[in-house]
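These notes open a run of structures that come right after.
Each of the two complexes below includes subunit A, the first together with subunit B, the second together with subunit C.
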Partner chain A sequence: MSNKKEGGPELIVSRQILSIAQRFSTGPVMGRFLRELRDNKRIMANKCPKCGRHQLPPREVCALCSVEATEWEELGPEGAIRDYDIVYYSSPDPLTGETRETPYVLCWAQLDRTQGDAPLWHLLNAPDLSKVRRGLRVRVVFSEERDGTMGDIKYFEIIE
Partner chain B sequence: MAKHRGAGGRVAICAVAQTKFERDKWQVRFQGMLWEVVEKVLRQTGLQFGAGGIEAAVTVSDDVFDARTISDGAITDVVGAHHQSEEKVAADGAQGVYYAAATILSNHHDIVLLAGHCKESQSASRNQITHLAFDPFYTRPVGLDYVAAAALQAQAYMARTGVTEAQLADVVVRSRKWARENPVAQETAAVTREQALAAPMLAAPIRQSFMYPVSDGAIAMILASEERAAELTDRPVWITGLGNCYDSFFLGERDLAGNFSLERAAKKAYEMAGVTHPTDAFEVVEIADQYAHQQPQYAEGLALCPARQGAKWLADGGPEKQHVNRSGGMLAGNPLILGGMARVAEAVIQLRGEAGSRQVPGAKRALAHGATGPAGQLQTVVVLEN
Partner chain C sequence: MKKKNRNVAIIGSGMSKFSSHREEVNQPELIHEAVVEALEDAHLTMDDVDCVLHGNMELFEMVHQPDMWHVLGTGAWGKPGVRLTTGGTTGATLACAADNLVASGLHDVVLAIGFEKLEEGHATGGITNMADPLWGRSLQTGALTGTAAQKLIEQFGEERAKNAAIKMRIIMDEHAMRNEKAHRRLRLDRKYMKQIATQTPPLVGELRMIHMCSQSDGACAVIFASEDKVAQLGANPAWVVDHETVHREETLIFNSGKSTHRVAAERLYARNGITDPIHQIDVFEMYDPSAWWGVDWLGDFLLCESDEHVKMVENDQIAIEGEFPLNPSGGVQASNPIGATALVRVAEAAMQVVARRANTRCRVM
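So, the complex of A and B:
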């Protein structure tokens, strides 16, 4: 591939794709969250024993108190949209290369019973974009085929 | 903000914790692995995060090994940097020691948490990762990675000094022998010279046995100003010398058989520490020998023996006499980016008298070395005293 500005020398540009095979451990905490999605269709958050705050996604240590967050509670599956965004460019899935249909809606939904700021981040199924607003009640819809990934959640649906 | 202490202030390492180094810590995320050691140094010192306690963290990690950009963002929960200060060193952890000490000497903070992690097992091939350290136009297309670069260095070094393959095998044999005395070491299975020489050839003359193994692990330390150190430990280990130096990025511009950058890094550290005769200045020496030939080569660069005399140094039992790598060294297994940090950790353990069956009795002064980049492009030298 080459670029040539009129009257100037050719400036060569090299196109490359970087590809590195990786395998990520999920560990006992993130691993439990994903296992619960897959096996029990439940959104489980861990909870700090000191401040009572939920963490979603669950992490090993409470970010505020620096103690292990060892308690677990089920949140949702219903909640309310906190913030949302309507995306108009096609964003390819890095694993499959497939692009989503645009526009699509991404949102944070604070699930019922959540303590602290720990909203769940996922797609919103919104055939009518004019209905999307902050505070809208939504419900988690799980995928039929589940494999212990965030794809086990299909999307949020709007509670009519 | 720390009290102004001006030039001449001292920095102590007040606590150290390491995970066991293992080939594949598949059970934990790197965050969980790091928390294991952070929690230990908090307990050792009684410190908490926040005002009056740990107000700053310096972390050591590699974005490409972590497979995410600015990968320190993923560990703020664990290093107390959620709503606090954190800075990342994307080089060997000995550079993290340097940075943390500078943070204290420059009066920014009195107490710093230094935390490093790497899971080399996360990638299918370390060579794919280190290949990316090279430029995309000139060297990558020809297939350079760190093993190939180290092999060029080994060829040049062995041709100049006459160090033999059998001598490199003996370096490995000795590493395994001492590693068995180190509870956190990874490669502890005894190996004979013949077995080491029969290992598969990776890039001549580097055999699999001559290279550090795939390794996962984490290390944490607490560094403090002289004013605060006494609150945290009754056995502070003082950093008395620091030096580093880069060599050229392009291997062809370097003298690969020599030690241009290491000699300069050592000179700076020795001058700072007042070391005039390095051959007998240290009771403990820890060299980041990612590859077996680097142990004699870097011993030359550290002036533990005369330049070009690495073969004689090995033949005369230099490593044993000068107490080099009683931890097992890097050949016994540390992630690439923690090689020098693990050397500093071992130096601290030795100077605190906590090294058990590998303890050098009465150790007063230690030398720790780390290297970053292909064929040791960046060299870091740390002198520590109790």
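So, the complex of A and C:
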């Protein structure tokens, strides 16, 4: 591709595509969370021994108290929408490079039994966009084939 | 922060022209425009500069070690320097670091350079790659979200919130029309406020294309000097009084009390005797990535408790001629070369106080 200004020299623009394969270590805490999803279809959060707040996805240390969060509890699989985004802009999925189909809905759902503010972020299957609102009851739908990734949850579905 | 061995001032700044496409220059050439202008503004040459800071987000252009590739444009050849890369805050981090380097006594004159050439990469893809690779990456859509819009609509009602967002966008465009370096100068007309709001493609929820900041190419350079140097050079200083950096796990913990912005503002004001920010601050340069965030964050930064910030938009208080001018440059909604964007805020604020100075000592925070 070139950019030729009137009367000036041709200014060449070089076009390139970069593609990189990656692998990420999950560690013992996030690793346990992903293992529970894959093997037992359970959503496990860890809990701060000091403030009692759940962390989802789990992190090693309570972000507020700075103490190790070593207790684990199962949350959900039902919950309620705290926040949502109806996405119309078609951006590339960095995991596949494919352009995403739009519109799609993202939601942050506070699962039942969660202590504190720790909604889980995932896709919402919402055939009727006009029904999506805060407070809507939803449940986690697990994928048939699971491999220890966030794709082990297929999406949230609305409880009719 | 406010542990200074000596006072620090901004004594010059420069910016390239901001645009969606600067195909006629390569990266070092784009930076060179800003650096030359800053040196001229400060009446210095590169020989006077002790240290060069370079800031951008490598993942946008996918050019790594850019501080090395850009040496011909930055003038850093043979000089000490640091490369900073902290997302949208890169430019502000550059200013904080330059202030610290001079205040500590390590260097007398520091040149801070923020840069981005977003046409050469993919900004939304890059920002998406900042998300947690184990959970957020396949969900995130760059910096696009409609949650700020939802929050404002919930707080102030749909019509009032939507009107405030588009009004802010139009005011920012009116400011950009007066800034020949701004990228998007759209000549938006207040008469067509409703149409402007509805006839632009939706991005996420109530966030529409018109509300969102641009993807720009551009560079900004700012020169920081010690008080002794200011006196020696006879420079026209904008004193850097204080800065504050706050980290909180806000993306993962919802409603964990106050927003990061509010916490930062509270700490900064408390240290500097600011009890009534709306009346004590003369002009405010804010990082406003969208008109929705602009309205919401204005309330956070000014510690508003009810709807004062919405009223400030509604009654044109934030316009250049208003009592509390916000982003006279047109702000981020007009021009957004990401690694330079926050440094542009600092440069614009310094220019404002230097230009406004009578006999009083003006301050940049």
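Criterion: the second predicted complex is superposed on the first by the 146 of 160 C-alpha atoms of A that agree within 3 Å, B and C clash if a C-alpha of one lies under 4 Å from a C-alpha of the other, contacts with A are read in each partner's own complex, and residues count from 1 in each chain.
Note that in this section contacts are C-beta pairs under 8 Å (C-beta built on N, C-alpha and C of every residue); 3 or more make two chains touch, one makes a residue touch a chain.
None of these values were measured; they are calculated from a predicted model.
> I'd like to know which partner A:Pro28 touches here: subunit B for first, subunit C for second, both or neither.
first
> Determine, under the contact definition given at the top, whether A:Val61 touches first (subunit B), second (subunit C), both, or neither.
The answer is first: A:Val61 touches subunit B but not subunit C.
> Would you sort A:Gly116 into first (subunit B), second (subunit C), both or neither based on which partner it touches?
The second partner, subunit C, only.
> On the A-aligned overlay, A:Gly52 touches which partner chain: subunit B = first, subunit C = second, or both, or neither?
Neither partner.
> Touching A:Leu18, do we find subunit B (first), subunit C (second), both, or neither?
both
> Which chain makes contact with more of the residues of subunit A, subunit B or else subunit C?
Result: the larger residue contact count on subunit A belongs to C.
> Looking at subunit A, which of its residues have contacts with both subunit B and subunit C?
18, 22, 24, 26, 30, 59, 63-64
> What part of subunit A is in contact with subunit B in the complex they form?
14, 16, 18, 20-30, 59-64, 66, 68
> For subunit B, which residues count as touching subunit A in their complex?
25-29, 31-32, 35, 42, 48-49, 64, 67, 76-78, 80, 82-83, 119, 121-125, 128-129, 132, 136-137
> Which of the residues in subunit C come into contact with subunit A in the complex?
By the definition above, subunit C touches subunit A via 23-24, 62, 122, 124-125, 128-129, 132-139, 141-142, 144-147, 150, 201-205, 248-249, 252-256.
> Using the touch definition up top, name the residues of subunit A that touch subunit C in the complex.
It is residues 3, 5, 11, 13, 18, 22, 24, 26, 30, 34, 55, 57, 59, 63-64, 82-89, 91-95, 100, 106, 108, 116-119, 121-123, 134, 149-151 of subunit A that touch subunit C.
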